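A quick write-up on the structure given underneath.
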């Protein structure tokens, strides 16, 4: 039994996650660059962990907004992923995931992608279940939240278009 | 040595690809649904094969447009992915990937996602290299091509925004 | 409930399957050639998909006839597998699987192996269940079917020998 | 540098190999039985280790004779594979692989398959290289050797047929 | 039903296990040496198989004593692991695992690590269950058994320390 | 070229690492508990990342001290690993790795294991290379460092014993 009710607001720092993976030979193409699909796979896992923590139970991926791969990551390098909740709606959450390639010699991180995903919290029967509200206090959090709401409207409009007469 | 020059236009049917995968236990969450990230991984591979065939050499993923996961696919089911080139630019190509879940008993396919990816053709040194033009003849191909050009403008605008003062 | 009964004959084109795999570093030996065992693994999956589709339910591999590996397939190349039902008996099916290595520069396919496998359709309790008859109409289909029957007699004779006094 | 020349005859006991694998969830079908293709993959590895040891260098799989899967092996059970050289020719070797399922409670082994594979020894350039003769001394070894020669004739006849007018 | 009761003493030779693995690219670091963690993974599997056989049922790893990695094992080489029970207590067993790297050209084995693990036998509910006594007859077995008892005392003292005021 | 020399002392907070993994079906035994060997594999990776960061280049695992597995971690749960350098010697480093199982409903972490590993920094030729000194300032860091030196003496004594007449 949860001691904290699932309707108590929670801050994004409570569910924030960081993952590190070493790029293995099987993750790369014949030229030794990580496959875009492998990065997306890691983005989804990092995002799901934050959503899972915020909602205290299982989640499924509903969508990922467009994502760019601006720099090559090489086999043998480290990929660092940071995820945090930007907005919580009734049964869904938006999560931002930043992907970094970590340099061997300087230990500096270069951001290579940023992605926004939507996860839906589900119960054991696979039905959507309510998630806790997100505590938004700092200016940075408020900005992220407002942008998340705009992206949500775009997503809903996109769904509407795709359902049109075809 | 290629007998057909890389500047000879090629139709999308020459590079079209179909992949089938059986969803394994490690591909699923504890409730037995395939992870969104695993689907994205397969989408990227299916798209890369079409881009690879069209450009007759290695490619890297530059971006994936937003993608929705509208139906759950279960461990033990079959995922079918179909990919085809929709437009070829100087060194890049747009590829459309349709994802289907195949039903056991009726062998019918339910489309669960559609994604548009951009791949850049590269040479052995990792530099962009020219790709053959796409032969666009049927009305359906012309429509796909026009839509691809619109999506390309949106992507370029998105890049411009993300490079802005931050 | 199936709308088409499992006793309605079905043509091989309804269950035919095509799979594409990119050969990964872990699939190869230290010289960079795909392992024979990895090819057999893919052959079995491609064959099982066709048998699964024809019989509309789970199947198990009963046997694979002898198979030769005549050309090396390299890490980074594409393996294409095509499978089709050649004959359906009471609860078992013979499936033919052709393996091709696809060339990077010309997109031409070189056939590297052909295998014949027998699958048994099973129910949820693991017991054999009846499969639909195979619709054999073209001359090519009739030839494949006759050869399949000959191979079946050889298999039954082989089983008989292996059960003999030893 | 080898202290024992590669032309010194070697007995099969010097290269004999035994492998044990625990069947993992990803190795099985939705009903929890190991896939035939996974067994073939393990057969190839077990056979290659014996051929590798006998020839003291890399080998490639040339063919596998027909193989039957007579008993289901379950996820969580142990698969034991035993391989031994049955005959050595100029640059190739025949290897016999026995597959056993090991029972949890009684530790007894049930043989589920037997396979005969041919491996070709290759050098760093991928060209066939000579292998040591096989020392055949016991009656059992002589019988295995004679049978191996008969199987070899069948394989050569099979190759001849497949090269015929088609 | 077991024909031999689980209280009948059993010798270590009845449960002894040997495993062979070929080191794959994904098992290595960018310099081509097997990762220490991959070796530990294999040590645990080899140890668990011997404990599983001795106790005729499932086991869980309780601890591994300190282990050294004295020689590099390379991608493409073979790792051979030999495991045997050294002592059986009420519900737990100590297992010794020797790790060897096998040389390509001479087929000689170089021991690279030795590890001692403790496994607890569990029933279907996850509760510890009694294991058969170990039959100790040869001088070598008696020495191994005495050393195992000393290591056990060290482990119990270690647990006591770690539970102390901190 | 490094802007910070490899002889400049570095604090442990600069190389500290945190990893999160979701336990997959293939990581577990048939009862659904993670294998001890899989945990050791993750411990080694988490430790290697901290050592890699501190020494700004590749490392190999030299040893792992004894480790206990005190609580079962289940398939579907999250494993969190935290690693930090406790001492740096001439070419080697000791790293402490804490393993936690994270609870679904309360998001609380339960520590299940602690391990101490030694890594050696190597150059491209596989030879040991010097590592930066560790900056030890807080009382907690001093205690960790003193304990690390004691453990090092025990390891050297252990090596001495194992090299004795045998």
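Every chain is named by a letter (A, B, C, D, E and F) in the order it is written, and numbering of its residues begins at 1.
In the analysis below, a contact is a pair of C-beta atoms (placed from the backbone, for glycine too) under 8 Å apart; a residue touches a chain by one contact, two chains touch by 3 or more.
The structure presented is a predicted model; accordingly, all values stated were derived computationally and were not measured.
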Quickly list, by label, the chains bordering both chain D and chain E.
C, F
Using the touch definition from the top, what's the fewest steps needed to get from chain B to chain D?
1
Rounded to a multiple of 5 degrees, the Cα superposition angle from chain E to chain F is 180
Where does the D-E interface recur among B-D, E-F or B-C, taking recurrence as more than half of the contact pairs being identical by residue number?
B-C
By Cα centroid distance, the chain farthest from chain E is B
Name the chain whose C-alpha centroid is farthest from the C-alpha centroid of chain D.
A
Starting from the mean Cα coordinates of chain A and chain C, work out the distance between those two points in Å.
40
Express in whole angstrom the distance between the two chain centres, defined as the mean CA positions of chain A and chain D.
47
At least two other chains touched by the same residue of chain D: list those residues.
25-26, 29-30, 45
Any two chains that touch count here, so list every such pair.
A-B, A-C, A-E, A-F, B-C, B-D, B-F, C-D, C-E, D-E, D-F, E-F
Listed in rising order, chain A residues that touch chain B in their complex are 29-31, 33, 35-38, 40-45, 48, 58, 60-69, 72, 117, 122, 124, 126, 155, 158-159, 162
Which residues of chain D touch chain E once you look at their complex with the stated criterion?
1-4, 14-15, 17-20, 22, 45, 49, 52-53, 56-57, 78, 104-107
Of all residues in chain C, which touch chain E in the complex?
25-26, 28-30
In their shared complex, at which residues does chain B touch chain D?
24-26, 75-76
